[in-house]
Amino acid sequence: MQPDGRSREWMCSGHVGCAGCGAAVAMRFFLKAMGEKTILVVPACCWSVIAGPYPQSALKVPVIHAAFETGGATASGVRAALDMRGDTETTVVTWAGDGGTFDIGFQALSGAVERNENFIYVCYDNEAYMNTGIQRSSSTPYGAWTTTTPGRDWKKMRKKNIVEALVAHRIPYAATASIAYPEDLIRKAEKARSMKGSRFLHIFASCPTGWRIPSEMSVKIARMAVQTNIFPLYEVEDGVRYTINYRPKEYLVREYFRLQGRFRHLKEEDLDQIQGMVDEDWRLLLRKAGGGA
Amino acid sequence: MTAEMIPRALIMPRTHETTESNKTGSWRFLRPRYENKTSPCSAACPAGEDIAMIEMLAGRGLFKEAWETILLENPLPGTCGRVCFHPCEGVCNRKDFDASVAVHGVERFLADAAARNDLKPVLEKLPRRPHRVAVVGSGPAGLSAAWFLGLLGYGCDVYEALPEAGGVLRWGIPEYRLPSPVLNVEIARIESGGARILRGRPVTMESLDGLRKDYSAVFLGCGLSRGAPLRMSGEAPDAVTDGLVFLRNVRGGQPPPCDGLSAVIGGGNTAVDIARTVVRLGGKSAILYRRRREDMPAFQDEVSMALEEGVELHQLLAPEAIRPLGRRYGLVLKRMRVEGRDRDGRGRVVPTGETTEMEVERVFTATGAEAAQPWHRPPSGRGSGISLSHCVLVSEDGANPLVYGGDPVNETKNVTQAIASGKQAAMALDTFFHEGMEAVEARLAECRVGGGPALSMEIYMGGPRRLRSSHVVQPGEINTDYFRFGARMTQPRLLVEERIDSFDEIDLRVSAGTSIREAERCFNCGLCNQCDNCYVFCPDVAVRRGRDMNDRRIDYDYCKGCGLCAAECPRNAVTLEKEDAP
Amino acid sequence: MMRVLEGSHAVAEAVRLARVQVVSAYPITPQTHIVEILSDYCAAGGMDARFLRVESEHSCLAALIGAQSAGARTFTATSSQGLALMHELLHWSAGARLPIVMAEVNRALGPGWNIWSDQTDSLAQRDTGWIQLYCEDGQEVLDTTLQAFRLAERVNLPVMVVLDAFYLSHTHEPVDVPGQEAVDRFLPPYSPRFRLDTKEPFALSPLVPPSAYMEMRRDIARAMEEARVRFRDVEAEFDAVFGRRYGPVEAVRCEDAEIILVASGTVTSTARLLLEELRSKGEKAGLLKIRMFRPFPAEDVRRALGRAKKAAVIDRNVSFGAGGIFAQEIRAALCNMPDRPQVFGFIAGLGGRDVTTAVLEDIYLQTKNGDVPPGESVWVGLQEVSHATGRA
């Protein structure tokens, strides 16, 4: 598990992410793949705060913090300006949470991708509006407690499939990645960097605080999400060519759910139902990838 | 009014420093610490070999370093890699994941590779000491004592009664298990460590007194070289031979005739060795054992091979009498049956009342060994001395001490336990010379591997191993997410037809590639192997690496104590403890 | 070169001449012509710029915030609902100290859908930190747009160039379109005081705690103050190259006026006609055109209105609960003056209803004949509507 020579750090210690923050791990890996010539656009999300209050920045690349909805649009503008200045080397990256991607930021993202803007959009997904205190987003999974889906009102809508939504735009490159699989994440980031047009990475970034898990479980939980097919690792090129990167042993989802406080209320029949939903989604993905059900 | 005012700096939301001035270490209530711990294999090894380290080095191709790591705890890896009962593999944390690591096989490879390349070990030795120690017997206990005393700075004279050194290694273990050339290399190494082996120099009770005066201490590793007599009626000296004598003669180049069927009474390795030797000499053999196969103390692997080679195994039979039967003999055997369990868990057997007779050419006994002379054993009853786990130290009225070790002292009698005796004796004597008898137990207790009883010479000599926690890593503490299933190496062997034709070594040579791959299967329980998971996953960039591959440290100014480093360390080399722990 | 252009086209010409590098816009009547002409220029090669066809006005301004931060000169145009949608980012642009220039076509806000002239949309954004300049005719629109870039980049504040829907945006007038070389003399290439740069990484617009935020806001206020001075410089430089200047206000025959009409936008042109009529009848009337609304030219207003007895402020806008907005600002400018004129406020012309000389004359007479201003603002030109049915 050597990151082979990518020892240069683009993220500083002293940032104010929670202990065990998956989003911090994700940023660290991602920037190792991107390197110096990167400009980050950060709409409102946890990283707006993690990056440090004025006058500090936790990142060694230029950052423009932006309004919540504007991830896709601000990046389009930065790209246009760089192009007009003759800079073809710098990569423009939007780094957004699930709120700014799935919900309030979806319009700008969709618009940018439809225009095939030349940028990378990264959504680090902690499955709720964590920055504002764990409220539900359309990325919150079926079954989860959040502060706006409390008690019996636990979320009974499925998690929106953002990758498939963008695949429908015929986006040149879209991929899922996980903090538990660093080499895969870095490979995909480097691949995205080498391409042009709109590229999207959906990174599973555990949140100990919001998911009610001990901080040391961040990576383990992320790994389990992949191993149970809840969060498969796959890539889609040009909206048509699917590649599944990892076919796990298909552990049962039960164990994944049992370890997280945000799912504590689920009963056996709920878990059975969820297992059915996960299996169905996995079979659908297999069909798209050309392997039968 | 139109004058160009000097533009002043904008006061605007733009950063101008990093977050590095924010010492988030103050958030912590748990603190991680690199702490190497004890692997279960090394705790189970009677010689306390640092097995996790050995496999780590071997897996990297650092064969010399791995071999030297063995020699620091066990001077006879070529031997143990062939004849040890490898308790390490029995407790290997990988056992329930897919299969235990073939520590035994890797040890053999390392020893043979070192011999093949004529490597000379570079080991730290303590400065020369004025005391000289006499060692009686050049079996594994004596050789071990001489080796470790050498490391501790003492000159040794090893008195060996027989013309060749090695003790039971030479005379009791057949060539096809432990070839002479291998043993010779091991013994030569002990000699090049400074010990002088005096062959053909027997010691008597009288000459022992002289040794006690001439030397600062005497170590007695005389072993149990006489076979226990068989209690049956009609003993015929021509028919019944002490199995150990038989093996000795075979090794001495004077095998007696072995045609026809030889019965071998006993169930230990000696019995199996005898039976298989007979086959190689052209005869047939049958092992007769009073209990069941699963109760046999012999290595099950050896028993299986014996059966493949045509050795018969007759269970639940005990000898009652022997009578001449023409040119042969009739061996009358009691049938036994199992009734409950003995204290050691093996089946308790009682006679059924029935008997049977077997016509045999001769009988070999292998039902246990005894001391050839009473003074080979430590004196019974409390004297002025101490009983340690693997040796007995006797010193009355300030006289130069006697130390007893090996089979006469050890509860479990085998080569590796004997080596442990030699090591323990060397440590005990060194402590005795420096600090007196009272200090011995406590000093040795500090050197326990994982709580003992095995001791580590590296710890005794103040090496880095002393910093390891004695906590033995449990299987549940290994993060198996980081390991893929991998088949355990298969030990290539001669075919059965090839085996029984000669005394050639059965186990064939294993390649370096195979050994590396096998060593890489080791989880390295409790030992940081620089996998860098801690560095990779730290969300706060608080694990810093130096240029040296081994240099890894936690920056406590920033560490928030999240515990990811500990959870993602595959081998429990990071300990998480409360922040205000001392 | 003299050309007959509609107001939208005049804006577009100025944007082209200003060498804008990134344009982003979302179509909304009556701004569409500006956008279409610029699209055309970018496609045909008449303009070397990237045109971002974003999917909403909010994204439009977001894109320009990104582009300007990365070091490009930017421009957009919008109106009414679009401007309202941008509201959050109007605040953001000023707070981020970005010299973005926008053409704002004054159009009424719905409901009901009304695409015609009304000032409420731009004035509702008066607190956002944007400089606001209200234009009367096509030439002024072109000139002001050029001036806007120079002023914005001097003080690092965004500038809104405001023009009436249809009355200005779609009215063809003779306009002197300057040559590129002259414009280059007036407006040098954009040299950002800060920009996103991988060689000097910093973060823009991070979290700012209470201990630091207020100073940043003070700096915006100070820039607004400085804009008054800078604007004079800019106009002087403009005058030197093009021979035209307008001032933050224009006072017409105010020195001896007893009653001064205060107007902005195209209503000013109508008021000029009425002024002639009134003066010819012997009325001591005057006209004050307000061009710069933010920063509010209080000093100029006091100087122009100080000696008059009454001011009749015409607001083509309303702030519900407080009346016409120009009237409020003028009252505030005058409030500490001894012997200040009475301010009579009038709301007229909302939603594109025509403000004729008759309407203005009515306003003048009401002012003349009124002893005391009856409340904040008087609504003029209303139709009779039944209170029972809500219909005319």
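For the reader, a short list of remarks on this structure follows.
Letters are used for the chains, namely A, B and C, taken in the order the chains are written, and counting of residues starts over at 1 for each.
As a convention for this text, a residue touches a chain if its C-beta (ideal position, glycine included) is under 8 Å from a C-beta of that chain, and two chains touch if they have at least 3 such contacts.
Bear in mind that the values here come from a model prediction, so they are computed numbers and not experimental data.
Distance from each chain's C-alpha mean to the overall C-alpha mean is smallest for A. Taking B-C and A-B together, the pair of chains sharing more C-beta contacts is A-B. Averaged Cα coordinates give chain A a centre that lies 43 Å from the centre of chain C. Chain B and chain C have Cα centroids lying 92 Å from one another.
Chain A and chain B have Cα centroids lying 51 Å from one another. Within chain C, contacts with two or more other chains are made by residues 202-206, 208. Within chain A, residues 51-52, 54-57, 60 each touch two or more of the remaining chains. Of all residues in chain B, those that touch two or more other chains are 13-16.
Those residues of chain C lying in contact with chain B across their complex are 95-97, 156, 193-194, 202-206, 208, 215-216, 218-219, 229, 232-233, 236.
Within the complex formed with chain B, the chain A residues making contact are 1-3, 7, 9, 11-17, 19-22, 24-25, 28, 51-52, 54-58, 60, 179, 182, 208, 214-220, 223. Only residues 1-2, 7, 10-16 of chain B touch chain C when the two sit together in their complex. Those residues of chain A that touch chain C in the shared complex are 36-39, 41, 48-49, 51-57, 59-67, 69-70, 72-85, 90, 107-108, 110-111, 114-115.
Of all residues in chain B, only 13-24, 27-28, 479, 481-482, 531-533, 536-537, 539-542, 545, 555, 557-558, 560-564, 566-568, 576 touch chain A in the complex they form.
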